[in-house]
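For reference, chains read A, B, C and D in written order, and residue numbers begin at 1 within each chain.
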Amino acid sequence: MSKLVTTGLTKAFSGLVAVNDVSFTMEEGEILGIIGPNGAGKTTFIHLVSGILMPSSGRVEFKGKDITYMPAHERSRLGIARTYQLIHPLENLKVIENVMIGAVFSRGKSLKEARRSAEAICAELGLERLERDTAQLSILEIKKMEIARALANEPEVLFLDEVMAGLNSDETLQLIATVKRIALERKMAVGVVEHVMGVIRELTQRVIVLEAGELIAEGPYETVSKNPRVIEAYLGGAA
Amino acid sequence: MANKRNAAIFAALIVAAVAGILVWRPTVIIYGLQAAGLYASIAIPMGLILGIVHIVNLAHGEFMMVAAYLTYMVCTALGIDPFVAMIPVALVTALVGFIVYKLTIRQALKAPELNQLILTFGLAISLTQLANLLFTSQTRKMSFGYVSASLSIGELSFGVYNFVFVAIAVLMVIGLRLFLTRTTAGKAALAVGQNPKGAAIVGIDVDKTYGLVFALATGMVGMMGAIFITRSSIFPAVGSPFTMKSFCLIAMAGIGNIPGILGASVLLGISENFLKAFRETRGWADIVFFVLIITVILGRSIKGKKA
Amino acid sequence: MKKALLVIMIIALAVSAFAMGAKEATGTAPAGAAPIKIGATWPLADITGKQGSMAAQQAVDEINAAGGVLGRKLELIVVDDELKADKGAAAIEKLVTVDNVDLLIGGMASGVALGQIPVMKKYAKVVISTGAASYKVEEGLGAEADWYFHLHPWDYNQGQSYADGWEAIQKKFGNVKIQKIFLAYEEGAFGKASFDASKTLFGGRYTFDGAPFKSAAFGGGDYASVLEAAKKYGPDLFLWAGYDADALPMLEQAKAMKFNPGIYLGAPPGWPADFGKSPLAENVMLYGMWAPSINGVSPASKKFYDGFMAKYNTEPATYFAPLSYSAVYIAADAIKRAGSTDTAALIKALAATNYASPLGQTITFTPSNIIKHQGVKNQKILQWQKGRQEVIWPFESATAAPVYPFPAWK
Amino acid sequence: MKLKSSYIVVAVLSVIAIAFPAFLGAYPLNVARSIMTYMALAISWDMLLRSGQISFGIAGLFGLGSYASALAVLRGGMDPMLSIVFAAAFAGVMAYALGFAILRLRSMYFSITTLALMEIFRIVMHNLHDFSGGPEGVVLPSVIFKGASPALYWLCLAGLFLTIGVSWFFEKSKMHLALTAIRNDETSARSSGVNIFNYLLIAFVITSVLQGMMGAIQVQSYGFTTPDTAFDANFTLLPLAMALLGGIHSTIGPMAGAVLLGVASEWLKLKIPYGHLVVYGIIIILVILFMPQGLFGLARKARRERSKAGASHE
C-alpha cells in the first residue's frame, strides 16, 4: 500500500490558486524530489500534506486513511514529519529539548525516554554539545537539529523543505549521505524540496515538478530534466 | 457581488435602526454621538502610536491629564480661553512627549512589548502621583458660559457644546489621513508602521520617525487635554479611565485602522446611551462596551479563520 | 552589570533623599519621656486624608504647646492606608504591635474600614473613627464593639437628618414647598447607599425617585441621560450624590438642558477648588458638616480655621479636617478625665464626652442602630451664597436664610 | 550533587517561611500576606505567559474566586475552608468554558478580551444587587480562624506553596516543552505533535484555579469584598510589573519581583508618607530601562557569561 496519496489536492487563497489539482503517491522507502520554480506551490503543498494548512478541495490519504482535514499535531503522531524552509528553532529551549519534543508529544514518551532517543538521533546526525542554547549553533547544526527534531517523531513520511539551502558543498554532501542512510535504515518515504539540482540528482529516485500550483511532470530526474515543459517552466521562471 | 449586496442590506438596516431610534428616542442619538466624539478624539492619538510605533501607551490618559493641568494654569494665570491656550499647550506636550520618547520609550523599543507596557505603567503612576503632590486630589474646574450652549426643538432641549468633540474627532481623522498620505514624513511614518525593517532598508530614519509620531500624538493628546477642561473637572486620576477605553476602542477597530476608531466609538456611544435611556437597563450601560469588544474581536477571529 | 549597579545606586539615593526630606517635614518627636501615642490611618494621597492628618497634627501641636496631657506630650503617628483594605489593615497591625500606640483615630473610606475591622477587633484598642459612613461597617462591627467611637454619621443618620431638616425648613419658610424628590446618584457604593437610605426615609412623606450615573471621578461625567430622567420627573428638590468632579459639569449640563428644579442640591464629600467663583454656583444647596462660614457662629471653628491657615497657609477643603481635629481633642480630653490611657478607663471617659467642636455643635456619644458610641448624627443643609457656603439648617448654627427657589436659567 | 544541594536550600527556605510566625509580629505577617498574594498571582500569570499568551484578566479570576467563596459561605452556608476549594473549582470551570472561545485569540486581542471579561464580571457583580450585594459588596459574619495572624499567614502560605509547586511542575515536566514550543513557534510545535489548544486550555484553567483560590483566601482573610476591591485593576497590573521586574518565564523571577515591589511599597510608605507612589513609579521605570530582563534575568545572564568564559578557557 502507498504511504501517502493525494487526489486532486487544491488550495486557493482568496482567489489565488497556490496548489491546483495535484495527485501523487509516495511509497515506502523512496526518496522523492519535489521541484519547481519559486512560487510554484511546493511549500504550500507540504503545508497541505502536513496539516499546517487545510486544502480547499481534494483528498489526502495516509496508508489508506483519510487525513484531509486532520490537525497537524495528529498527523505528526500518525507519522508525518517535516522541516521548514525558513528555520524554526525553538530559541528558548536547549538543543536537546528542541529534538525531544517530537518524541514527547508525537510518540508519547516520558521525558527520560525521549531524552535517550533524542540523544541517539543527534549522535546519528553528528550533532554534539546538546545542552547548548540554539543561539550558539552554526547553520549546519541548526539544520541538523531541525532534521533531528523531525526524526524524533519517528515518522514514516518525512518532508525536508530546502534543508540544504545556505550550506557549503562539503556540508551538503555530508548531509546528503546522512539523510540517505537514515531513510534507508528506517524505510521512510522522504520528500525533498531543493533548488540545487545536484542534490536532487544525488538523493532522489523520482521527482515531481510543480509549476504555478500544477503538477506538470513526474518521473526519474534524468527523464524529467529533459522534459521540454519543465525546461520552459524553469527558463520562464528565470526570465 | 453577494458581498456587496450583503453590505448594502446591512447598511440599510443600520440606517433604518438609527432612524427608528431617532424618532423614538432622539436623545439617544444626540448624546450617543457626543459621547462617541469624546471617546474617539481621545483614542485616535493612542491609535496612531499603537499603529506606527507599536506601543501600548498606558500613560496615554496621564499625558492628557498633564496637558489639562498645564492649560488650567495658563488659563487662570493669563485669563485666556482653553481654545486659545490649546495651541501653546499642544506644542509643549508634543515637546514633553518627544523628550519622554527619547529618554524612556526609545530605550525599551528593542525589549519585548511587555517591557514597554510596564514602562508606560510606571510613567502613568509617576505622573499621576506627581500631579497629586503638586495639586492635591481636589478637583478643579473653570467655568465657561458657552459650555451650556443649548438648542431647543419643540419640547426637547439639549446641550450642543459636546458636538465640538465630534468635530475634533472628524478633523483628527481627516488631518491624519492627509498627513499620512500626502506628506513625505507621513508616508515614511506609514511605511515604518507597516514594516520597520523594510523602511530602514529603503533609507527611512526609523528612530526619527518614531520620535516624530510620538510627538505628534502627544501634541494631539495635549490639544485634547486643553479642550477637555472646558467640559470636565480635572484631578490627578482623571486620565486613567480613558486609557483603557481608548485601548479597547482601538482593538475593536483593529490596530492601524484610525477611521475605524470613529466607527467603533459611534457604535459604543449610541449603544451605551440606548441602554441608559431605560430604567431597567440603566445600570448595565457599562457592560455594552465590553460585550461589544469581545463580540467584535471574536467575530473577526472566526471570520479570519474562514477566509 | 554596571548599568544595574548604577540603577540600584540611583534608587537608593533617591529613596534616602526623599526619606530625609520627609523626616524634616513631619518634624521631630516632642521632647520629654514617654509621650502618649495616637496612631492614625488616612488615605494620604487623597485631599480628605491629607488634610485630615494635617488637622490632627495641628491639634496635637496645639495641645502639646499648652503642656500636653497628664504632663505627657502627645505624639501622632500616621500611616497611609492608600485607600486599600489590605494596606489599611496592615497599617493598624503596625500601629498597634510595632508603635504600641495608646489609641487609634482616623479613617475615611468604608471599603478600607471593612478590611480594618477584623484587626481592630483582635486588639480591641480604642478607636475614634473619622470616616466610614456605610451601614455595612456598623454590621461588621457588631454590638460588642464598645471600643469603637464613630464620629462621622452613618448613612442612615444622614438620611434621617435631611428628612428632619426639610421638614423644619418647610415649616419655618412657608414659601418652600417640597413634594417630589429626585436623586441622581453615582453608581458606586457611596451613591447606592445614599439612594437606599433616602428611599426608605423620603419614601413615605414625599414622592421619590432616582437614577444612577457614572461619576466623572471614575471616567464618567456624562449626565445627560440622568438629567433627562430627572427633568421628565419634574422634582421640587433635585439631589445629586456624587463626587466633587461632578459638581460643575453636572450644573453646566443641567443649564444646557434647561432643567430647572426648585432646589438644586449636591451632596459630594468635598467641593472643587473655587466652585463658589462660578456664576452657576449661586444658590446651589449642599449637604455637609462644616464650612468656613461656621467661624462666625462657633469660636471652636474659628480657632481651628485660623490655626490651620496659619500652620499650612491653605484653606481646609473638606469637613474631614475639622472632624479629625475634633478626634484628637476628644481623645486628649478623655485621657485627661480618665487619668490614664488604660482602655477600660478610656472607654468610660470617652462615653462621657461633651466637646464643643469646630463643626458648630457639641459632640456627645449615644447609641446608633447597632453600636453604642455614635458621635455626630446630623448633617447640615447649606447653600452657596455669593461664593460662600452658608449654613441654612440646623437653625441654631444657621448663618443665612435660604434663597428659594433656585434661580431660573437665563 | 547540584540538584541535591538546591533541594536542601528549598527545604530550608520553606521551613523558615513556615516558622516565620514564631519570630515575627502581627504587622510583618500582615505585610507578608499581601506580598504572598501578589506573588502567587504573579507566578500564576507567568505560567500562562510561558505559552506566549499575555492575560490582563488576573483580577477577573481573582475577583470571581473572592465572590464565589464569599457567596458560598453567606448564601450557601458553606464551611469557609471548603468554600476556598469551591471557589478555585468555580474559577476553573469558568476558565474552561471561556477558554474555548478566547484561547483561539492571540497577542493583544487575547489580552484585551481577558481585560474586557474582567470588567464584565465586575459589572455583573455590581448590578446583581440582591445576590451579590451590589456596589456595597458582601460582609462575612466573621473572618476565617477568628483572624489569628499566624493561621491567616499559614493559609496564605499554603496557597503560595501550591502555586509555586504547580509552577515548578510546569518547569520540570513536559508542560515546559509544550508551552515554550508554543511561545517560540506554533507551527513547529504543531508539527512536533503538540496539541496547542489543549495545552493552552490546561494552562489557562490551572492558572485560573490558582488565581480564584488566592481570591478566596483573600476574601476569607479580610471578611468582606466589594466589586471595586475584588476586581481592582491593581491585581492585574502589579503582578505583571512584579513578574517583569523579577524576570519572566520562571518561578523565581516573579517571586523576586514580588518581594522587591512589595517591600519597597510598604517601606517607602513609612518613610515618605506623602508622595511615596512617585518614587514607586520611578523605581518601575528605572528597573525596566536598566534591567530589561529583570533581576533574575540579570543573574541568568551573568551566569551564562561566566559559563561561556569558562568554556573558552577549556
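We take it that a contact is a pair of C-beta atoms (placed from the backbone, for glycine too) under 8 Å apart; a residue touches a chain by one contact, two chains touch by 3 or more.
All of these numbers come straight from a predicted model, not from anything done at the bench.
Common neighbours of chain B and chain D, by the contact definition above: C.
Of all the chains shown, the one with its CA centroid nearest the global CA centroid is D.
Of all the chains, the one whose CA centre sits at the greatest distance from that of chain B is A. Here C-D and A-D are compared, and the pair linked by more C-beta contacts is C-D. Taking the mean of the C-alpha atoms as each chain's centre, chain C and chain D sit 36 Å apart. Annotation: 42 Å between the Cα-based centres of chain A and chain D. Mean C-alpha positions place chain A and chain B at a centre distance of 49 Å. For the pair chain A and chain C, the distance between C-alpha centroids works out to 74 Å.
Contacts with at least two other chains are made by residues 45, 50, 187 of chain C. Residue positions of chain D touching 2 or more other chains, listed in rising order: 126, 274-275, 277, 282-283, 289. By the definition given earlier, chain contacts exist for A-D, B-C, B-D, C-D.
Only residues 1, 3-4, 6-7, 10-11, 14-15, 18-19, 21-22, 25-26, 44-45, 50, 53, 78-80, 82, 84-87, 89-90, 93-94, 96-98, 111, 114-115, 117-119, 121-122, 134, 136, 139-140, 187-189, 191-193 of chain C touch chain D when the two sit together in their complex. The touching residues of chain B, counted against chain D in their complex, run 56, 104, 107-108, 111, 114-115, 117-119, 121-130, 132-133, 244, 247-248, 251, 255, 283-284, 286-287, 289-291, 293-294, 297-298, 301, 305. By the touch rule above, chain B contacts chain C in their complex via residues 27, 31, 34-35, 129, 132, 136-141, 143, 145, 147-150, 152, 157-161, 231-233, 235, 237-238, 240-242, 245, 273, 276-277, 279, 282-283, 285-286.
The touching residues of chain D, when paired with chain C in their complex, are 25-27, 29-31, 33-34, 37, 126, 134-137, 139, 143, 147-149, 218, 222-224, 226, 228-229, 232, 234, 266, 268-277, 279, 282-283, 286-287, 289-291, 298, 302.
By the touch criterion given at the top, residues 50-52, 71-74, 76-77, 81-82, 84, 88-93, 97, 100-102, 104-107, 111, 149-150, 152-153 of chain A touch chain D in their complex.
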